[in-house]
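Same chain, two partners: subunit A is paired with subunit B first, then with subunit C.
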Partner chain A sequence: MSKFLRSWESLLILILGITTAVNISLAPEFLTLQNQVNLFQLSIEKIIIATIMTLIIINGEIDLSVASIMGLSACTFGTIIDVGMPASLAILLCLGLGIMLGAINAFWITIIGIPSLVVTLASLIGYRGFARVLLEDRGITGFPDWFIALGRDGLIGSLPLSFFAFALLVATLSIVLHRTGFGREVFTIGNSAEVAHYSGLRVARVKSILFILSGGISAMAGLFYAARLASVRGDAAFGFELDIITMVLLGGVSIFGGKGSMLGVVLSILIVLNLRNGMALMNITGHIQTAVIGILLIASVLIPNMLERLRSVST
Partner chain B sequence: MNVLLRNFHPQTLRVLTLAVVLLLVIVFFVSQIDNYFSPRTLNRIASSAAVILPIAIGQAIVVMTRNIDLSVGSLVGITAYVTGDILAYAPFGPFLTLFIALSIGALCGAFNGVLVAYGRVPSIIVTLGTLALFRTFLVEYSEARTITTDSLPKWVVELPQTTLFSVGVLEVRVMVIVALVAALIFSLALWKLRAARKFYAVGSNPDAAIMAGINSERVVFTAFVLSGMLAGLAGLIFLARFGNITVVAGLGFELKSIAAVVVGGVNIFGGSGTILGVVLGTLLVDTIDNSLIRWAIVSEFWREALLGILIMTAVAVDTFMARSYVQLRKLVA
Partner chain C sequence: MISPPLAGERSTIVSHPILELRHISKSFGMTAAMADVSIAILPGQVHAIVGENGAGKSTLIKILTGVHQPDEGEMLVDGKQMQIRSTEDAQKHGIAAIFQEPMVFPDLDVAENIFISHHNLGLVMNWATQYQHANEIIARLGITLDPRRLANGLTLAEQQTVEIARALSLNVRALIMDEPTASLSAHEVDRLVQIVEALKMRGVAVIYISHRLEEIFRIADTVTVMRDGKHISTKPISQVTQQGMVRDMVGRSINHFSMKVAANAHGEKILSVRNLTRDGVFSDVSFDLHIGEVLCFAGLIGSRRTDVGLALFGVEPATSGYIEVARQPVTIDSPQSALKYLIAYVSEDRRKFGLALNMPIFANISLPSLKKLLRLFGLIDRKAEIAMAESHRERLSIRTPNVTIDVGKLSGGNQQKVMLAKWLETEPRILIFDEPTRGIDIGAKTEVHNIIRELAIRGVAIIVISSDLPEVLMLADRVLVMREGRQMGIFDISEATQENIMALATGQTAAMSQ
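On to the complex of A and B.
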């Protein structure tokens, strides 16, 4: 118990408590179900991707291309609708595209052996470039009503489909990460890919699965984004990777790999959503919100580092 | 190939290959675009490369130490805007202005450097954060105002048109010379200067560098300060070139600089790279960028997509070359 009290997660619970209390004092209607649903819905695409990003960073890698995959999938969807093909076919094609984009990342990382940071930085530029090639400076609207309703309206009560996708992903991925052999492999490879390799783990296979999953999930998030906004443009979801990576790192996942938990990430997601909502309630603009997220991102790595060093000095 | 590898250092080969590719690209565009090979085109590419080159040099030094600086684009924005703002109140001369721009850049670079070198936060995290942070600072500072040409002193406005000397019909602009001088200084330093060789040492093997008595923290810190300073220089050139500065100045330059560095043969794993390569890489990236706008067949929206493909190809070629070189060395030995 005392170990849990000193853990990163308990610190997160404390911060979450404080931000929630501040928010409630700012606006009494904060805790209403509708506000909570809105809170989630505004960032639902980001938090969906944060779930798979957790596994990738624990695995000792990083995927910077997620927002570009979102954008490219949304733009592809728009283009397909624009030429008059049915939306259901477009959805399937876009999910397939996402898996393919993830597979391209995986190919360069595992088979050619280039660090994921470089590969996904290049694909961040490249995939976004293709999205711009598709739509140039046009915006596409005119999606079918049922598709837009899927993104906006409640499926059960006021909870939209994307919320259930998020819940399902959190549940499945946390079981996979913390309760299965595959999850142990993710941690082991994150601690040391070399040791894992010599212990007979199929490192390339695990990494490939994660990056392909990340591509597919990002494409799905892109579709949710298109449905929620009922329009797409070439710069759809631009810069979302900053928020996503911040949520994961703030959740106590080590950027060096091998450490982290899904519980921590879910808590940090709640904190980030609360903070953004609170800042919006205080009339703080989007730009400052982004800066606060940036500070959080640096602090979430700096503070554990400092604590670690203090601990090693004192012993 | 084997004969080549035995007689030339892979870096030399890499730079030679790059020069050939650059030449081929230019020949290709000359055959595609009417009236391409004119002084106007060359001037345009040169002035556009003059903004990117300083950032690319700074980025190269940071990459050599196994780090990355994603905040340079925002830094160019800050220095261009703040320097322009200062000049609007106090019309300083060129040297004082240069000093101000470099100081602003160095200060921001030091902020990155402290967090990376002494705070032990990975550079990708720090600079992803400061990319947003610096840009926000600029947005707040500007209060939605725009720096306009008429508020700037005369020498700044005239700088882009000021020609130092002419080679035939080609006029060599002062800004281009400033960027090239910076490249020359850093090229010489990295080649000969003991202190500058430490960037290579820390990047190629951090543990060995520490064992050899190198203060690796200070070296990494210095790399970020230099990167900031050079971004400051680029900011000043940007200010002079465009005159009208809004808060989006320098947006996306970090990706361009990384492309130039990686294409220029600076190893992304740290420890190797030359400034000559960076100059060629910058020219290649910029030539493609500027020529696509004028190429009728392909939409200019292909720029980013091509940039991504270019980076990937360059990194893949480097990886394969490094591997075959190591294998060949084993065979010969």
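On to the complex of A and C.
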């Protein structure tokens, strides 16, 4: 396990080096702090969610509903502001809503026993539906200045609050995943839920915690999104789940569970951001950018499988 | 002679074998699964094949159906030498098999299931004739079953009927039935016997494999006994007695297994189980277990011994009954609660339930004991974890370059030891072993036996579920025999013999107690 990961991660570092070099040659100002901050800003909500998605996929599950929770949280925030309640109360309510939406997913997955792919596909549609019902065709603006500033302005230097949230999540979840008993349980359940159950692990509890965390973090990401754009609409964050899952899989996390590392996911996030930036510098359109990322995703799933197959043939 | 297809209503008086095995041998690596077996199968007759687990019955079925090729010997179909290279080959020669678990497609209806193996149906199906054909075939079996019903809603017995009908539709001439009644009720068994009679009338040869001796006397014309891959005897049923059959099945003299050490002097009672029941699976299991004692659960496959083990470990909790650990009444409804009372269960299926194969040795060993290794903020003490694994590696002589490689890379015997280490680390008072030596080589087997005995001496109370009778007689202080979810009796080791255990396990005699 560790050996393969090491080689996967070194491959990612190599790719990152190449994309960075190309970007610098295209635009010397690429490495400036301001450009890097802008780069992160554009995708900050997605990469925040990618941290918890890493744990969920290593656990052998998937959460497709994250972008819909983002959207519903942002729309709920807008609605509450619209009726004239204070933004601080709205923030708390939205975080609570996210935790509740995650708990609903967890209920169907762990208590009723429906696969997370199905449950979160349903909630992807359902939660998005609520968001659209809430706002219909309206867009809501007029958030308090301090709220918008939180999303856009630097908190320390030019780094905004959302960047610190991301850094904190990477650090804590990386320690939780790789150094704590809970992280070991996440890995073991991803390897074999049955072995975990027969070893006295509380499989349902671990899964529930992850989905509830995912709901809460997605709701927070939705608030950052609302703050950064200073407006919300029913289709806020629509389709983000695919980019998020792409980043996680490209980071070497196995879609079958049980394998992966936070380091790999952070590297893959940097690569994806670099690629998008580089292609933008070369005036490549957004659609083609998406296609390139798609090809990367296919390669990231195919290459490990092909290596595995080659290895089993040779032994 | 050329056997006519079964269309005719002919009853066979004198006939030549449909199928004949001559001096068939088959080995897997070093183990001879079948050695020099010769059997002739006559049309319109039921040929029963009996033997203990591991006697070579499954290998025989696999050779007849083309799954395995024999190493030596020849097979004759209608007196002509043939090679059966695949199940399709077997089907072409009119040989088919049905197993304990019927293989039907739940989302197709009865008729579709019957005709699923017909490759020459053409592009457009004529459903009207299809259902009519299905009806005819079902009628030939002397039963009623609506061909339009979905297989999903059928009982196990009805699914079995569908399988038999499928074989008939392919003009089967030799039908192998492997433990067909293992999951059937008494009434369903009666119906199956009727179907077998109908098949005989049509000149189909039935090769019938069962552990239930009374059934064999009811149904068979000829009985072949196998043991350790060898052909022991073939006799007409009229010349067979139950005692004689059991003796042939068990065979070996007990003297071969006299390595048994003197029974331990036992300590106080640690586990007390009364009327433990899981509805529809097993009922009224009652026994006591003492410190330092080895209690073996003997019985045939399907006797539900594993289910009792799973109930005691909380994986599939009992629905009623009473459990006392160290004289305290307890409720065991999950593995967590079992572990709390220091009960551990070493699964028979290492790959599925025992080990996370893609994780390192140390992570597998520490898994149920992780709490011991947790420090501030739930961080794992890595050094202590590696030390834990190393100590087991030394004690159990697990052969591996280091404890950080994935456990899946080890040999079967070493994997078994890692699984053992994992449970020993929980320091159990009660340790349940389910088939602890299945599928590992002789050397590792002896080591596992020694470990079990040593644990007992050190005061662990042990339950061993084993289908290996010599192993049971060697390890046990007492033997609990189960049959079809019921406890048939408990022997002290001084009274236990292979014969009386088999007699209870097969239901040959009424239950004896203590």
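Just so it is clear, the second predicted complex is superposed on the first by the 309 of 315 C-alpha atoms of A that agree within 3 Å, B and C clash if a C-alpha of one lies under 4 Å from a C-alpha of the other, contacts with A are read in each partner's own complex, and residues count from 1 in each chain.
Simple rule for what comes next: a contact is a pair of C-beta atoms (placed from the backbone, for glycine too) under 8 Å apart; a residue touches a chain by one contact, two chains touch by 3 or more.
Everything quoted here is computed from the prediction, not taken from an experiment.
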Quiz item: Of the partners subunit B and subunit C, which touch A:231 in the superposed model: first, second, both, neither?
Solution: neither
Self-check item: Which superposed partner A:36 touches (first subunit B, second subunit C, both, neither)
Solution: neither
Practice problem: Go through the superposed model and pick first if A:122 touches only subunit B, second if only subunit C, both, or neither. | Solution: first
Quiz item: Can A:290 be said to touch subunit B (first), subunit C (second), both, or neither?
Solution: first
Quiz prompt | Of subunit B and subunit C, the chain that contacts the larger number of subunit A residues | solution = B
Quiz item: Which partner does A:298 reach: the first (subunit B), the second (subunit C), both, or neither?
Solution: first
Quiz item: Thinking of the overlay built on chain A, is A:62 touched by subunit B (first), by subunit C (second), by both, or by neither?
Solution: first
Self-check item: Touching residues on subunit B, where the partner in the complex is subunit A
Solution: 68, 115, 119-122, 124-126, 128-133, 135-137, 139-140, 255, 258-259, 262, 268-269, 299, 301-309, 311-312, 315-316, 319
Quiz prompt | List of subunit C residues in touch with subunit A within their complex | solution = 313, 315, 334-336, 338-339, 345, 347, 352-360, 363, 367-368, 370-371, 373-374, 377-380, 404, 406, 422
Quiz prompt | In the complex with subunit C, residue positions of subunit A that touch it | solution = 1-2, 175, 179-182, 184-185, 187-188, 191-192, 194-202, 258-259
Quiz item: What residues of subunit A sit close enough to touch subunit B in their complex?
Solution: 62, 108, 112-115, 117-119, 121-130, 132-133, 136, 234, 242, 245, 249, 255-256, 287-288, 290-291, 293-295, 297-298, 301-302, 305-306, 309
